[in-house]
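Below, subunit A partners subunit B and then partners subunit C, in two separate complexes.
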Partner chain A sequence: MRRYTKLYWEFAKSHMKVMMEYRIDFLIGVASVMLEQFASIFFVKVVFDHIEQINGWSFYEILFIYGIAATGRSIHQIFFDNLWTLGWQYIRPGKLDRLLIRPVNPLFHVVADRLHQDGFGQLIIGLIILGTAIPQLDLVWGAAEIAMLVIMIISSGLIFVAINLFFATFSFWMIDSLPIVWAVFNLSDFARYPLTIYHKGIRMFLTWIIPYGFTAFYPAAYFIDKSGYKEFALWTPVAAIVCCVLAYAFWNRGLKAFASTGS
Partner chain B sequence: MITVENLKKEYKLVKRDPGLKGAIKSLFNRKYETKHAVKGINFTIEQGETVGYIGANGAGKSTTIKMLTGILTPTSGKVTVNGLVPYENRQKNAVNIGAVFGQRTQLFWDIPVRESYNLLKHIYEIPEQEYQETVAMFTEVLNLEPLLGIPVRQLSLGQKMRCELAAAFLHRPKVVYLDEPTIGLDIAVKVKIRKFIKEMNQRWGTTVLLTTHDMQDIEEICDRIIIIDGGTILYDGGLEQIKKQFGQQRVIHFELADKEKFVLPAALIGQAAVLPNEEETKVSLSFDHESVKSSFVISEMMSMYEIGDLNIADPKIETIVEELYNKQEKGGEHEKVLANS
Partner chain C sequence: MRKYWQIAKGRMQENTAYSAWYWAGTLASVMRLLIIYFFWQAVYANQTTIQNINLETMLTYIVIAMLLQGFVGGVGNELAENIKEGQVAIELMRPYDMIFKMFAVDVGEKVMYLIQGTIPMILIAYFFMDLSFPKSPETILLFVVSALVGIWIGTFFDFLVGVLAFWTVNVWGVRVLKETLITFFSGALVPITLFPDWLRTITEFLPFQAMVYLPVSIYSGLITGTEAYMALGVQLFWLISLYVLVRGIWSQAIKQITIFGG
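Up next is the complex of A and B:
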């Protein structure tokens, strides 16, 4: 574990050097993500200019859910973005073979191969949204609450990672599963609104099948009494761990299948 | 060091009828056919040997190397490298091996070469002092100094391959697999690379397994060759022996004033064969040095035709190998070759 932490730091240092060398790219990347996020929040704002509440949820409560999703996603985007590229960058061109003959865990290597600048834009925007929403909520913030918020955000990030990893793993059988990963990822947009506004089927789906519900709505519900999900929300970290374990087990299976067929 | 016992690898391939119709049909009704890439091969390589592993495209070379490195799991049979089974202990085995895979880079694309080496130092946990010594030596032998500060993607193919080779030897592995390390390179770089490989082998006793289509690589680096074709081993033995065994075939190229009129002189019928020659003025004759002397062939030719120039080709390993492939295709001489190995 210590070895991998050190190794990650070495990888990260060289990525940061490259980022600093291409400063303009870095800034454009960060700015474009921020712009994209602002646009979707602006849309929500416009809706709320005409109505006061959606199914009992106020603008700032929805903003809060949004903020948790954006911050959680930034963890995924900064550190684990390379999972997207598994098929077309590693398996198809045979680059995975190269990693397999190094004395490190191949998943670690794939993940450490990239530190994504755009994720920093996502992080900044996430923190701005949280900073705007939190003072407007009817909540007393103590150390315990802040600690809980951090745990929830990390859990949210890990669920994004696990789901991506799970579907990216299909690349071992089909060369490039990017379209599937992309389609699944788009479902996460649903989770940025209160799940209670959806039909029961969708709610179940986003909780038990593709658990994006735990990336935003449930963690946020912990802090909002009237949601009725305050206790259920405590399962969020558990969900995150279960998802990661499942996804990693599936990855290992994929790797094994790859070793018997080759590319 | 490296032992390979009855190693087999089979792939399942989807069988497809031609055309769009076939493609659509195969979507619903898949038929598989089994491809036997490697059909039960055996060999042992000792520490410090330099072995050329050669064969035509699709002969099973890369598949074997993938199994030796642990990337692929064999269908049956067994491999051990340094007492480890590579596909069962892939990461442990990785510490002891280095590899160059043709044009697939192992350096990090965006960052300068020096940084790439630094990352490899951490990946392989090379002690700082050893690392400094190794890099200093490689820099000198491969003339890397001007390249160290440049990102890999800006290097030319020859520059990249030099850096690549240094990366493969950086952690002083016991075995290095080189899959076509000289492909696409100019002669000057090839010479440098061959020299480097030989030097590493002598200095550290590194075992080298090399695949290549350039027979010059083999002649200069290897003391032993293994020839594989169609998934089976055709020949395994010393480079000198194969030359003696099969090197009796000589070829002489004659430049004739008038090629149109050429027919094989009567005295040479049954002794020499005319090889196809693209050039308009040249005729090539091939014969067995044991049964007919070069001087006899030349004098017969000179007595019948006006010879502008002639050129006796060396018995090159290349021609020998080509001959072996051809024999394999015909099937007839196959047993004889195997019996000799």
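Up next is the complex of A and C:
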């Protein structure tokens, strides 16, 4: 474990150097991600200029859901973004073969190979959204609530990671599963709004099959009493752990079945 | 026998890689339709109109806008890659005008996209949702012309962003920036009439509304009569201005190449 921590630090240090080298690009990346998020929030704001609530949820409550999703996603984007590239950067050009003969866990190596700068934009905007929304919600904040919020956000991030890892693993059989990963990732857009606005089938799907519901809606519902999901929301960390275990087991299976492209 | 099986399998993998993108794109569009549908249903649960727009018109606007936005992109990405990898130097020696060549590629791609991507999506949308059709043939004709002009404005703008690859390294960031600007200011998410006044004023001076908002408003009846023709005039203005800009920046950029190529 200590060895891995140290190793990760070494990897991270070299990324930092690269980032500082291309400072303008770093800023463009951060700014563009922030603007992207800001635009979709502004969209919700424009709609709320004309109405009071959506399905019983006020603007700031929806902002709160959104903020949890954005912050959770930033964990995934900063540290685990390289999972996206498994197919075209590792398996197709045969780079994975080189990783396999090194004395480190191959998943660790792939993940540590990149620290994604643009994720910091996501993190900043996520915190800004939470900071805007939380004071407007009728909530009492003690140490327990803050601890719970942190746990919920980390769980949210882990679910993003687990789902991406699971579908990236298909690359072992089909060389590059990026289209699948991308299509599944798009599902997370559903999680921006209260799940209660959707048809029951969609709600079930996002809870039990591809659990993006746990990345934003359920964690937020824990803090908002009237949602009626307060108790169910407590399963969020459990869902995160189960997802990670399943995804990692699947990854190991894929790794065993892997035959190099030979290029 | 085994080696031939491997060859067959390899080809299957290659083919699935291409068709996988097609299915992924289709799936993503269907999901967006679903989100749009349920979101606006929930928004209209307690009122019949917003800014005099009823649910049917709103859904029509949003869905057509989403479909049209799929065409607004263009060749910028390919151009940026061409520049990054130095391919552009060879392209410039070939006996054609590179800008026109890029546009020709773009037209080919969009025709295929229309057939494979948009038409199935139109069928799905009209089958499952209550969308309205334009009232008169004149409106349909106006919409088609306006949509084509809007798409070309989008292509020109995309080209401009692609050329930026001569000066920046983080092409991905610039693209996200561009897409955000377009998504937001083009009125692809929500009719611009819903914007607060100050923002609407800004939007009217930008080229983005000419890409999506104007054509779709003609289609869904938010803009009618002489206003529709005025809108077309605004679009033509942007079309010509952007083309001039494309030519200007391109000739600047080509000078830059000699520096790169040393």
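Just so it is clear, the second predicted complex is superposed on the first by the 258 of 263 C-alpha atoms of A that agree within 3 Å, B and C clash if a C-alpha of one lies under 4 Å from a C-alpha of the other, contacts with A are read in each partner's own complex, and residues count from 1 in each chain.
Please note the rule applied: a contact is a pair of C-beta atoms (placed from the backbone, for glycine too) under 8 Å apart; a residue touches a chain by one contact, two chains touch by 3 or more.
Predicted model only: the values in this text are computed from it and were never measured.
Colleague: Pick one for A:187: touches subunit B only (first), subunit C only (second), both, or neither.
Modeller: In the superposed model, A:187 contacts subunit C only, not subunit B.
Colleague: Who does A:232 touch here: subunit B (first), subunit C (second), both, or neither?
Modeller: A:232: touches no partner chain.
Colleague: If you stack the two complexes on chain A, which partner ends up touching A:14: first (subunit B), second (subunit C), both, or neither?
Modeller: So A:14 only meets subunit B here.
Colleague: Quick check on the superposed pair: does A:197 touch subunit B, subunit C, both, or neither? Answer first, second, both or neither.
Modeller: A:197: touches subunit C, not subunit B.
Colleague: Could you look at A:205 and tell me whether it touches subunit B, subunit C, both or neither (first, second, both, neither)?
Modeller: neither
Colleague: For A:98, decide between first (touching subunit B), second (touching subunit C), both and neither.
Modeller: First partner only.
Colleague: Report the partner of subunit A that touches more of its residues: subunit B or subunit C.
Modeller: C
Colleague: Shared contact residues on subunit A, subunit B side and subunit C side combined as an intersection?
Modeller: none
Colleague: In their shared complex, at which residues does subunit B touch subunit A?
Modeller: Residues 11-12, 63, 66, 69-73, 87, 90-92, 94-95, 97, 99, 101, 104-106, 108, 110-111, 115, 118-119, 122-125.
Colleague: For the complex, which residues does subunit C have touching subunit A?
Modeller: For this pair, the touching residues of subunit C are 13, 16-17, 20-21, 23-25, 27-28, 31-32, 34-35, 38-39, 41-43, 45-47, 50-51, 168-170, 172-174, 176-177, 179-181, 183-184, 189-190, 194-196.
Colleague: Inside the complex, what are the residues of subunit A that reach subunit C?
Modeller: Going through subunit A, the ones touching subunit C are 22, 24-26, 28-29, 31-33, 35-36, 39-40, 42-43, 46-47, 49-55, 118, 174-177, 179-180, 182-183, 186-187, 189-190, 193, 197-199, 202.
Colleague: Contact residues on subunit A for subunit B in the complex?
Modeller: Interface residues on subunit A, with respect to subunit B: 3, 6-7, 10-11, 14, 17-18, 93-95, 97-98, 100-105, 113, 259-262.
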